[in-house]
């Protein structure tokens, strides 16, 4: 069954698709719903943040900030369901503000979850024939070169994040700055290593010595969790090959 | 072979990994190099931009702008290879400026390539049992609802982009604004539909009537190319499932 | 009559200032209201944009865009009067979105008015003993050096503005980029020369040749209007001297 | 002595002004150099930060951060003197990066100086017939209303600043967010009250309770210093009247 473009553009032309047609297609194809609900209601997850190099006060504060983002994301997501799309414009419209806040809070939630999971392993250990080690070595020349580049990336982020991930266009791992939560972001990167470089992450314990904070987190990278992400990235790499 | 963390952090501790160890690992594991070179040298690709709804002057100008981004990306990428990482900081450092320019130009190149490929098919036609149709229907309720949301997203982007892609955290398709080339970006989205909403895309032909421009591009969506991307996104979806 | 700080902080401490006290002060001091209304209702002004180097279509479009900003500013300003300030936060709140839109639209309105007024004089002529000439010469070494710096500034602005103004902290004239309408802005600059470098200003007439557009505007600078602004800047300079 | 526009545009047309002409003008007019040097070399100033509500560690760290900005500003300013202006573009050029860093660091230096000076007076006291009080009352309805609005503005700033200043276009006082150091900035505002809302200002002492931090700073506003600024703003107000 084909639709010419004219029929398809029902929103554009103000004509609705024949609802019977739609129904028949819907029944013909079983839709395994694997996505979250449209208005994704997120729940804050517990994270242990095991480390003696970060104070309990920082850990508690940090989890509280994360919960605020989850709450804001839910509020934004819910409002987006019914936001007026007809008057959308870049100068001033609810829809625009909601979309910007959506990207901001969604990234904030995800980045915090990635960070809490990959930065708090006091028994950190990397295996040299792990995929993580080999892929970073492959794409940065040596594992050390990756570390240097990652540290420089983290030190360059003001209030923001250092992220290492698989770039689905370049088909290699890259290190990137994320400014705040949604600025200066490389598109299409599947994240595998994340360090929070916002000041709230380190000022209580390290004052302005963010390098010591960064080293403390890199020393406690949970390479098991990173390896799981790299395994997924491997499959993504297969998927995006030409 | 395991490395304790202490040994691993050779950059951090200023100790280099034993080069013999490294060599043996390297030889033991065959490295199929599937990534681009470290300093990815991009080549501008030809794009036909077949359409009677966009003038030749705009097409030529647009391809020229894209080539400028390719050129800038190559310059940035090359400089990053040897940039001093030791003094990296967010206030003023070559490394910081290069990383921001890298994200900016890399996104610009990729987005333009996606746009030229998916926006210029005068014989645009969507099949209702295509994956594209079904997935957008699944995640937005109806295909029309997706179109409405995509249009509102595009209209909210000032100088920037409207992007529909598969979100690897939400595990669903989303519409997002990209401000300029790297602002307000949702992380981890694999793009499938892209429309350029920078003023250079439409001012010559449509003046400030960006809605007509947008509709003209949506009427010429190349659903065959979008379908190929959605096929890849399907595999990515498999890869990121818990 | 003095208020100790404790009494003053009535909002903070939840105690209102004695209303009789307030009234008496109000009566005692004649308030010459020189400011605009709280919710500043702006009116779009007419601008002739006399020039043969910019097409009528561009002029009309441009004035239309300016009117949109005036309209948006009025909407934002009006909503700010009654916006809930109690739940203000940077993640997601009406007040935050309104404040960002306020800066965006207010700058857009002002910058357009400055631009329309100073960029459309086909009989452009500068007098070498004018304050404009002498001050730019003083602060940039030569008038030519100022021109070069201003052009480089304009060429560096993507979608944004080139602004020359008197910096009340540096106590000299500076050239600055304004990204979009409110990004990368130097604080405390009183603007005297403004060129719009958004793509809508030149794409219709000059395609991507923004240098030719820029030169065309600089050739039609209205130095009489700029001189009036510089005269005011002179007085500002007096006011901010230590 | 008049120059027609053709002669004036010596940079544009590649013709240099007659140097003898220039010299005679220069001699005829005594140039009282009141501006800073072209490459403004700033010196970090001492600030006492007298307060029992902010820890010594925070004070020391904060002054150190300020000194870093001064150092960066000097580096940027010096490089700008000789930066290549001929290849300036928004994608990737030294001049562009330097101009953005200039705005960032210059604002950072100034804002910190304003903040250190106006936020650390344990004997804070406002006089109800002071210009500060009366002007804020005039422009916000009541002094309390100003306080509420200022607090909401500060709470809406993520990592950034809350600034109250005299707006030379609106001819009234406004409260504004400054994101980071140079984002979302209203143009043409002469600042009179400044509070640092970056996390480094409060996380050590107040964790994420930024409201308590904000109140602590507002309780220690140095209204004498603010009054001096308002006096200057009064003169600026006179200067910009139509």
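The chains carry the letters A, B, C and D, assigned in the order they are written, with residues numbered from 1 in each.
The rule we apply is simple: a contact is a pair of C-beta atoms (placed from the backbone, for glycine too) under 8 Å apart; a residue touches a chain by one contact, two chains touch by 3 or more.
These numbers were taken from a predicted model, which means no experiment stands behind them.
Where chain A touches chain D, over half of the residue numbers in use are shared by the two copies, so each contributes mostly the same positions. In terms of C-beta pairs in contact, the better-connected of the chain pairs A-C and C-D is C-D. For this pair, chain A with chain C, the centres built from the Cα atoms lie 37 Å apart. If you average the CA atoms of chain C and of chain D, the two centres end up 15 Å from each other.
Residue positions 89, 91, 104, 158 of chain C are each in touch with at least two other chains. Taken together, the touching pairs cover every possible pairing of the chains.
Partner chain C is touched in their complex by these residues of chain A: 68-69, 72, 75-76, 89, 91-92, 97, 101, 104-105, 108.
Every residue of chain C that touches chain D in the complex is listed here, in rising order: 1-5, 8-12, 16-17, 21-22, 25-26, 28-29, 31, 33-36, 38, 40, 85-86, 88-91, 93, 95-96, 99-100, 102-104, 106-107, 110-111, 123-129, 134, 137-144, 147-149, 151-153, 155-158, 163, 165, 168-173, 176-178, 182-191, 215, 218-219, 232-233, 235-241. Listed in rising order, the residues of chain D touching chain A in the complex are 57, 61, 64-65, 158-159, 180, 198-200, 203-204, 207-208.
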